[in-house]
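Below, chain A partners chain B and then partners chain C, in two separate complexes.
== the complex of A and B ==
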């Protein structure tokens, strides 16, 4: 399992512009595993991304659109990408603003499928 | 309306910020002996006194287990219930050691509480006034008056 998690995170962090990837326990907002560049606060990203994802999930469910499959937060100097996986785990990527979002999304969905 | 009140006024703003950002439902700052410094969300004095005593007792017993395991010190303890989580942390401030007892619901998470607890500790350190050069002696005669003043500060009552 540890090797599979490592492979999944490595595949995401190999994409140009990705500063790191974190596996997060969605309900707790705690880090399960991380591969982050120095200076990125993994536990802060995990807690806040999980909290945002839960809020967005409530919003989409209230709108009758079911749970989100992909979340892309575009900030001034970067992006936060979130894909839910099995067992309440979230795959979170911290990336540059000009990241190839399509490629990152594809790799994150592949990583999520590895947990199914 | 849920209110935040403090016996030590310098703890009020940091605690308010912590509660707002973490989404905590109840928060209690005490000394390791269980003396209440500030509280958020409690409506009855009996509840806050019981929570303070229990929090101090849990921290003391956990610190003792830590000592047996040769761990340097007790830092934090989490209990995740079905509807609520409980987080108990021990930390240092310029005015001495403190305990924080936090109860959070499903609209928050242990990750958020841990994250903003770091900010709370930092904010308290920044807000703390310098320690008194000559600490006031605790006299039995003053105890009841001090207790009543604390309850008044925490629940907004007349003494």
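== the complex of A and C ==
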């Protein structure tokens, strides 16, 4: 992992409530790089996030809205955030339910730019 | 953009001082192109500042945008210009009803009916408001119940918006909600549409079946995701794309609700709309099961 990517992932995980950030290959759901708190299952996060993103990409495209730029799954005890980067890579964050989504989104977009 | 709308817009451009803008505003509103509808309505108002219909058209756009105060003012201007303007009375009746002022709502709706005696939407609206007014003078629990089941949590002035959710047809379940005519879809976990309609954000054609099919398994997948990642129970999913925002939630165990709005609508507002739409969807689904 390059220092730039490492730095970008760290910037995401420094946000209060973020449990971890993963760089995922969007096509096969494999982990490219990760910065996770202990107990967060990187491979599961990667596979599930990639799969959910693909499904929503098909839906947004079918709705004429083009591919998603941000995906947010909100649950009672946490949230899953996904931002696509270049070359089919996804930036994924697992966070608390009351995360500052705006800030996380911003850092994830920066990370996506760092990967480009 | 459909041919009819394109022709209408061309007519507006060819003759900016004409009245084609009134039909264009309605057509744009129906397609959910509020920004464009606002632009055309305001341009029309510049040419026709003393035309009640022009203020009525602008008020309708404002209601769609959720700006009820300015809509109230515009309909007030329309009535000052034409005290018998049916559309303005209907609009003010709607807004008065919405804020719980049933007496004023009835006054305006009765005047709307006097102006347009054949308008069935006004007759329907009068029925709803009279029922609400009666409930409001009934003992306290009934009043609470009537408020709880407010059939009009939001905008758009049309007949269906005055019908209680359980009396609505699948096509009109979300009538009265911002975007209810083109960007709200209820479907089951197997991808079968139940109610509402979704239109392509760019071309405007109906894509309900296609999108419902793509999102069919989303509920199980989301549940699996949150279970494996120990995130609790999933509540909603928001996808922001360049051409629009999609919001999926689960108003009932066997139904999913999709809202699609253009990117000019902030994500937080989409969430608020989703809560309102989910409430209506739940009541409609319950009525279908009886």
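Just so it is clear, the second predicted complex is superposed on the first by the 115 of 116 C-alpha atoms of A that agree within 3 Å, B and C clash if a C-alpha of one lies under 4 Å from a C-alpha of the other, contacts with A are read in each partner's own complex, and residues count from 1 in each chain.
In the analysis below, a residue touches a chain if its C-beta (ideal position, glycine included) is under 8 Å from a C-beta of that chain, and two chains touch if they have at least 3 such contacts.
All values reported here derive from a predicted model rather than from experimental measurement.
Peer 1: Applying the document's definition of touch, where does A:74 land relative to chain B and chain C: first, second, both, or neither?
Peer 2: second
Peer 1: Touch check for A:62: first (chain B), second (chain C), both, or neither?
Peer 2: After superposition on chain A, A:62 lies in contact with chain C alone.
Peer 1: Which partner does A:111 reach: the first (chain B), the second (chain C), both, or neither?
Peer 2: Touch status of A:111: no partner.
Peer 1: Applying the document's definition of touch, where does A:97 land relative to chain B and chain C: first, second, both, or neither?
Peer 2: Touch status of A:97: second partner only.
Peer 1: Mind working out whether A:50 is in touch with chain B, chain C, both or neither, as first, second, both or neither?
Peer 2: first
Peer 1: Could you figure out whether chain B or chain C reaches more residues of chain A?
Peer 2: C
Peer 1: Determine where on chain A the residues touched by chain B overlap those touched by chain C, and list them.
Peer 2: After superposing on chain A, chain A residues 44, 48, 51 contact both chain B and chain C.
Peer 1: Under the touch definition given earlier, write down the residues of chain B that touch chain A in their complex.
Peer 2: Chain B residues touching chain A: 80, 108-112, 114-115.
Peer 1: Quick check: in the complex, which residue numbers of chain A touch chain B?
Peer 2: 24-25, 27-30, 43-44, 46-48, 50-51, 54
Peer 1: Which of the residues in chain A end up touching chain C in this complex?
Peer 2: Touching chain C from chain A are residues 40-41, 44-45, 48-49, 51-52, 55-56, 58-60, 62-80, 94, 97.
Peer 1: Okay, in this complex, where on chain C does chain A touch?
Peer 2: So the residues of chain C touching chain A come out as 198, 200-203, 207, 210-211, 214-215, 217-218, 221-222, 224-226, 228-246, 260.
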